[in-house]
Amino acid sequence: MAKGILRAKAKVKGDNTVVKIMAKHAMETGNRKDKSGNKIPAKFIQTLSVAYNGKTVMETNMGTAISKNPYLAFTFVGGTKGDELQMTWTENTGASATETAKIK
Amino acid sequence: MKIIKSLLVGASLAFVASITQAANSGNTLASVDPEADRLAMQSFFQKRFPQVPLDDYVNGIYALDPGSREQWEEIEEFPPYEFDIEEGEILFNAAFANGKSYANCFANGGIGIRQNFPRWDESQGKVVTLELAINQCREANGEKKLGWKKGKIAQISAYMAYTSRDNVFDVQIPNDEAKAAYLDGKQSFYTRRGQLNMSCANCHVAGANILIRADLPGPTLGHVTHFPVFRSKWGNLGTLHRRYGGCQKNVRGVPQKTQGEKFRNLEFFQTYMSNGLVVNGPGARK
Amino acid sequence: MKKTISLVAVLMMVSGVVAAQPFNEAFNEQRAMYGKGHSFTWDGQTYITDHPEEVAAAAEANAANAAKLLASAKAKYAEVMAVDFGWTLTKKLLKSSNVAFEAGNFRKSMNISAQAEYHSRMGIAQYHQSQTEWIMAVPE
Amino acid sequence: MMNRRSVLKAVFTGGLVAGMGVLMPRVAMAAWSKVAFEAKSQEAAMGALYGADPSASAEVTLKAPDIAENGAVVPVSVKSSLAGVTSIALFVANNPQPLAAQFTIPEGTLANVSCRIRMGKTSDVTAVVTTASGVFSASKEVKVTIGGCGG
């Protein structure tokens, strides 16, 4: 897929930028069993960090109690329309990627 | 010696008619008046919830229960169905093997037409739902049918609904055959089924916003406007008929056939009831 | 013997018209309050709160009777499915009745068959009601 | 700084495997703490993260529903009017693993975050906010019902 798993809506509001991010991810807890009774291994996003202009503006550590399709909203001071946010996620499996989104 | 007699009970169906009164008309093809039914349904809800504006009913239970609404609004900040609209758009625009696509099967290239479904199809002599039309389009172009309840068909339907948001539902009943289908749907809506002996109307007319076990059923007015829906319970997107089947299972009845005549007619009736309201699908529900 | 008594009961129901409470209502109330096997008096007669299926299941537990009841319950299920008013648990009941039958547990099999047949009979009753009385539920 | 006592408490509650991690300096808090996230009790999880019990504060605001529509998706927001908030964490006491999420708030980011959490059953939800002057919290009970049908 050309597009990653993250979708972001970042909007300038006054002096601040409001960021809302959702990831397309099942957030498998490791507690569920499949139809034949075998445990489905845990597979979830562990960390999600967001940077603007090279500076980290949010760092999130998540556990398995975060819902499927994790959602995160926060606000940081500053931010200019058209600039990019760098969002980096890592999975408990070690998988990781950085995706970008434009501030609107 | 005492003689104990066993008895034969014809039907032990307790008939609770407390909120309802027998109507003398509207149950035959000659007397049924869809427009009168629709206005009666609207006025029923407006009398029961006078503070709720009519156009808010498209939001289902969230029009009635503030506690649920708050959570739903929070979910709508970034609704989980957005991924499905994206996927749906890609699927909708993908060409079939013969080079054609869905756009060739629908009026206006399939954009902004959700409000006209389900519709009475004269040539087929039956009610055609959007999902049925999608699969008929595939078959006409030599493609395999999609599963009815979730996945691709729901995503395509979601995209088509999304392009139709704020368009006003306008289901037409052009002739007596269509009226018969409407009447059949109306009958289904008021028929009790399953071990719990409940009809659609029990929960979604009389029972709207009243706790039934741990749930607040939504009003039937505006029921169909937000489908397909991403239900938190499903964890994915599903069609109206998937929900119908789920409802029938909830009252412990064996569900009727997905996209079968009964369900299509029920959708026809239910959507007619919501004529005048806007398309707001896809939706997010608990 | 049992059959004759049931027939008498049916006749009583038909003829015993003037009562404070209709028979079905009285029966349902007693059944709901006390479950099966409870006796009560209605219009001067003593009745027991058993469904006809349960009466049939009270027959001697043997292979022949159990097979008969299971076959009858299966036929009734086919009947209710044909009118599209089946209940969800019935199929499972038929299955477990079959399991009990295979295991030689005829009493258990007969009891479960009775339950399954009752489900199907009620589903069929719902079908008939839907044909005639659905309009009762339409709000004015 | 953690005092000796709270370290001991943390080591004790976190268990043997936890020992090493807990003894690492506080700076490591931003890293995903296996000890804290896998702790089976809220006490253990909090012990691993903070060493001390947080004190309830009116300056921490936790917004969560009284009755969750669906335990699988419970919207929760936390904000705080305290100065110098460096992190916010969310705990669901009755979940198998109570620590749900931990947010590091750098300077320039408001102490105001929202997310959606899973809840297995009715439970207290606690938001814990860390500042230079201590650890503060707010709690709220969220009821989770077993749905009959839904929608």
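The first chain written gets the first letter, and so on, giving A, B, C and D; residue counts start at 1 in each chain.
Basically, contacts are C-beta pairs under 8 Å (C-beta built on N, C-alpha and C of every residue); 3 or more make two chains touch, one makes a residue touch a chain.
Bear in mind that the values here come from a model prediction, so they are computed numbers and not experimental data.
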{"item": "Of A-B and A-D, pair with higher C-beta contact tally", "value": "A-D"}
{"item": "Euclidean distance of C-alpha centroids - chain A vs chain D, Å", "value": "19"}
{"item": "Length of the line joining the C-alpha centres of chain C and chain D, rounded to whole Å", "value": "56"}
{"item": "Distance from chain B to chain A - Cα centre to Cα centre, in angstrom", "value": "34"}
{"item": "Two or more partner chains touched - positions in chain B", "value": "77, 235"}
{"item": "Multi-chain contact residues (two or more partners), chain A", "value": "68, 71, 73"}
{"item": "Pairwise chain contacts under the document criterion", "value": "A-B, A-D, B-C, B-D"}
{"item": "Chain B-touching residues of chain D, taken from the complex the two chains share", "value": "65-70, 72-75, 77, 114, 116, 145-151"}
{"item": "Footprint of chain B on chain C - complex, ascending", "value": "2, 5-6, 8-10, 12-13, 23-24, 27-28, 31, 39, 45-48, 50-52, 55, 81, 84-91, 119, 122-123, 125-126, 128-130, 133-140"}
{"item": "Chain B-touching residues of chain A, taken from the complex the two chains share", "value": "3, 7, 9, 20-22, 24, 68-69, 71, 73"}
{"item": "Chain B to chain C touching residues, read off their complex", "value": "2-15, 17, 19-23, 26-27, 40, 44, 186-187, 190-195, 197, 199, 201-202, 205-206, 249, 252-254, 256, 262"}
{"item": "Contact footprint of chain A on chain B as seen in their complex", "value": "77-78, 80, 82-83, 86, 235"}
